[in-house]
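Following this message is one structure expressed as structure tokens.
For clarity, chains are labelled A, B and C in written order, and residue numbers in each chain start from 1.
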Amino acid sequence: MRSVTLNIRLFFQGALLSYVALFRWLSPMTYLASKVLMPLAQILFFSFLGMYATGQANASFYVIGNAIQLAAVSGIFGVTMSIGGDRWEGTLPYLFGTPANRMAMFVGRAFFHVLDGMVGVVLALMWGVLLLGLDLSHANPLALGLTILVATFSTSGMGLLLGCISLITLNVMFINNTVYFSLLVFSGANVPLSTLPAWMQSVAWALPLTRSIAAARQIIAGGSLAEVAPLLWMEVLIGAIYILAGYFLFRWFERQAKLRGTLDIF
Amino acid sequence: MAPLNAIEVRNLRRIYRTTIGVIRRRVKEVVAVDDISFDVAPGELFGLLGPNGAGKTTMVKMLTTLLIPSAGTARVLGFDVVDQADPIRPRIGFIFGGERGLYWRLSAIDNLRYFASLYHVEPEIARKRIPYLLELVRLDGRGQEKVEGYSRGMKQRLHVARTLLHDPELLFLDEPTIGLDPIGARELRQVIRNLQSEKKTILLTTHYMFEADALCERIAVIDHGRIVALDTPEGLKRHVRDLSVIELEVYGIPPELLDVLRALEVVEAVTVENRDQKQAVLVQSPGGSEAVPEILAALSGLRVGKVIVREPTLEDAYVRLVGGEVEP
Amino acid sequence: MRKLTLYARVILASAEMSVRETMTDGFVVFGIFVQPLIIALLGLWMLRDRGGDYGIFVVVGSGLTGLWSSLLFISGNSITHERWTGTLETLVGVPTPMGVIVLGKNLANVLQSIGSMAVSYLLASLLFGYPLTVAQPIQFVISLFLTVVAFVTFGLVIAPIFVMNPDVQRWQNGLEFPIYILAGFLFPIALLPGWTTPISYLLAPYWAAQALHLTSSGGGTSGEISIAWGMMLLFSLVYVLLSRTLFRVMLRKARSEATLGLE
């Protein structure tokens, strides 16, 4: 019982820590800009490109895809930042020296970014309604909310995995940026998946976001929660798999670092 | 006509303004260089000696045209450092102690080639000069390696090579041996001696007394932005020739008692050194052993161990000039 | 004359140095190669239904996105980067004007980005099998040259501004996609609401995109092409004049406020 409370505390401390770290990076004004204006520019760019390619009628296809895709900003950049931060601050050896439950420590880091990511997606959808004629009147709010939660959860899972990779490699930003941009192609945000080659489709279904985007499109078109439930369950599973993979990589990394005495180098 | 002096500094001041506090912003002023004047003759190796924060780097930055003085004038090779930076820059070289300021991802040779072109050294001349300089700073054979793999001493020696690329007549070396181990520092001092024999004018700053003593022809001791003494090393030692140093072993001493000591007629300067569990109070006094009873009387009530009376060293001269707060 | 040779040498040396230094920098490799290639891929896919003619349009347009992003993030940070390395003081203390050094660094970035345009050209023709013909090759090369000039000189304006205002620098993320949109890199600005058009006209990247698209995809009158060229030249001139003042102000400010170092 005591260990449960301990771990819960650890979890929220991790969450708080990454929250504070984020604001040390960004001033409140910049945070607001990055939350409100930047997503708008990206959505507009891809939506216009999409409309130019396939006609005005398809605007909502691109708006929804790119709005959900924004979950990856917090999920990938935010989460890796809060894990990689330890490496730059040189606090890694101290973390590894603690008896703390690694899983609680680890997932706590991602918690705040899930919330942050959800806010980002909601704001992005608002922009869609305001500027690009997105119609949310047929959407079941609960189902849409759940989809957004699931999307940020699964991208944060991926972020945890990438964050652990960032403990090993030097080019964190390179990997993060590449993954983020690749998701723009693979997640189906901008291209109907059925038009991709078969191998790319298989990759797409193994990544987070793909199902969330598909589900969001169905819901906004009037689909019910029951219809998209299988997609959402699978998305949760995928997120969990990424978290587990990240967790085991983290443990492996910890063991290797202790074996070889490379804690300080990383 | 060649200027009479390589460097002429007249009443130079530099004030830094920094804002502190986030919500209630206040402006804080630091007078880093406070009304300093001195001259350096061509070919001279001149030292600026002072503790950390004395204003040495600020002085060097103003003389190398990187910082604009708040008041006063400085002429380098006859040119004004504020308005005539252009003719000064090709004629001087400078290094600021420490390992930053090089492109770590590039090799030493690439670094040198790049800076050679920035200093307008003709490519053919650079090609010959780079191997020569690498040898001079004892990096020959390591020139192809990336700088990031260099030790701190190697990087600092590479800085020396960098600043000699365009064969400047006047060199500014700001704490060139800072952070080096004793062997690295000795090697670098040897390089500086070689430069001196090439008849270059050098302004060297340091916070090591013995380094200034070993290298410089004249030393300006500065503290809190002011010159407190300017003389040859021998002249500086003469400042303390008439004094003795009384060392008192104590086990913790309250600061008020130090002030009591300082107030005594027979006491010139007081410093405290930590020695394991104990401390040593170093008192400079013209009275020698005759002053001991008076000093012990002033410390009555305090447990005092061994008492030694000895001749002053150069270190003591420095201590006397810059007050008690120097590091050993 | 001697001065020109000296400066030309410095520009080349700075460009070479910049390439060598950034070759292994993940951030730069991403900005110059990966991001524009992914955008090219995406563009090719998205515009596929419009037929093969759009191949060259996407290649040029995505190349321009790479050009703009690398200008914004790499050239924009070129002085700040030297400050972090600790080399800024030395660079200010050398006899070469700072602007010449920055020019060389910008040139390297812009040429690298043009190189990435060539890579996406190959990608489009080999992977997608598009017949990629440039409608007016000679005019296209001239447009490319003027684009390089306009971007390099624009880099001279943003670097000192970014150094002097650290806050501006944090907003540079926010300048990336809006310019993609307003300059018409991958879709015509006719799609946008009318009030944005005057803004586009004030952007050199818009005229670069105009000249490059017209001469590669074809269909432009020589009048339209000449206007785009003229605007690029005009902007380059304005940028050069502006940058002289900016550099002077920046150096004076840095020398009096002691902000060359990191401390």
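We adopt the following convention: a contact is a pair of C-beta atoms (placed from the backbone, for glycine too) under 8 Å apart; a residue touches a chain by one contact, two chains touch by 3 or more.
A quick note: this is a predicted structure, and the numbers were derived from the prediction, not measured.
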Chain-level touch network, classified as line, ring, star, complete or other: line
Longest centre-to-centre distance from chain C, chain (CA-based): B
Mean-CA-position distance for chain B and chain A (Å): 53
Separation of mean Cα positions, chain C and chain B [Å, integer]: 45
Rounded Å distance between chain A and chain C, as computed from the means of their C-alpha atoms: 31
Chain B partner contacts - residues on chain C that touch it in the complex: 6, 9-10, 13-14, 17, 20-21, 24-25, 85-87, 89-96, 101, 252, 255-256, 258, 260
Residues on chain A engaged by chain C in the complex (per definition of touch): 26-27, 30, 33-34, 37-38, 41-42, 44-45, 48-54, 170-175, 177-178, 181-182, 184-185, 190-191, 195-196
Parts of chain C lying in touch with chain A, wherever the complex brings them together: 26-27, 29-30, 34-35, 38-39, 41-43, 45-50, 167, 170-171, 173-174, 176-178, 180-181, 186-188, 191-192
For the chain B and chain C complex, residues of the former touching the latter: 16, 61, 64-68, 86, 89-90, 92, 94, 96, 98, 100-106, 110, 113-115, 117-120, 123, 162
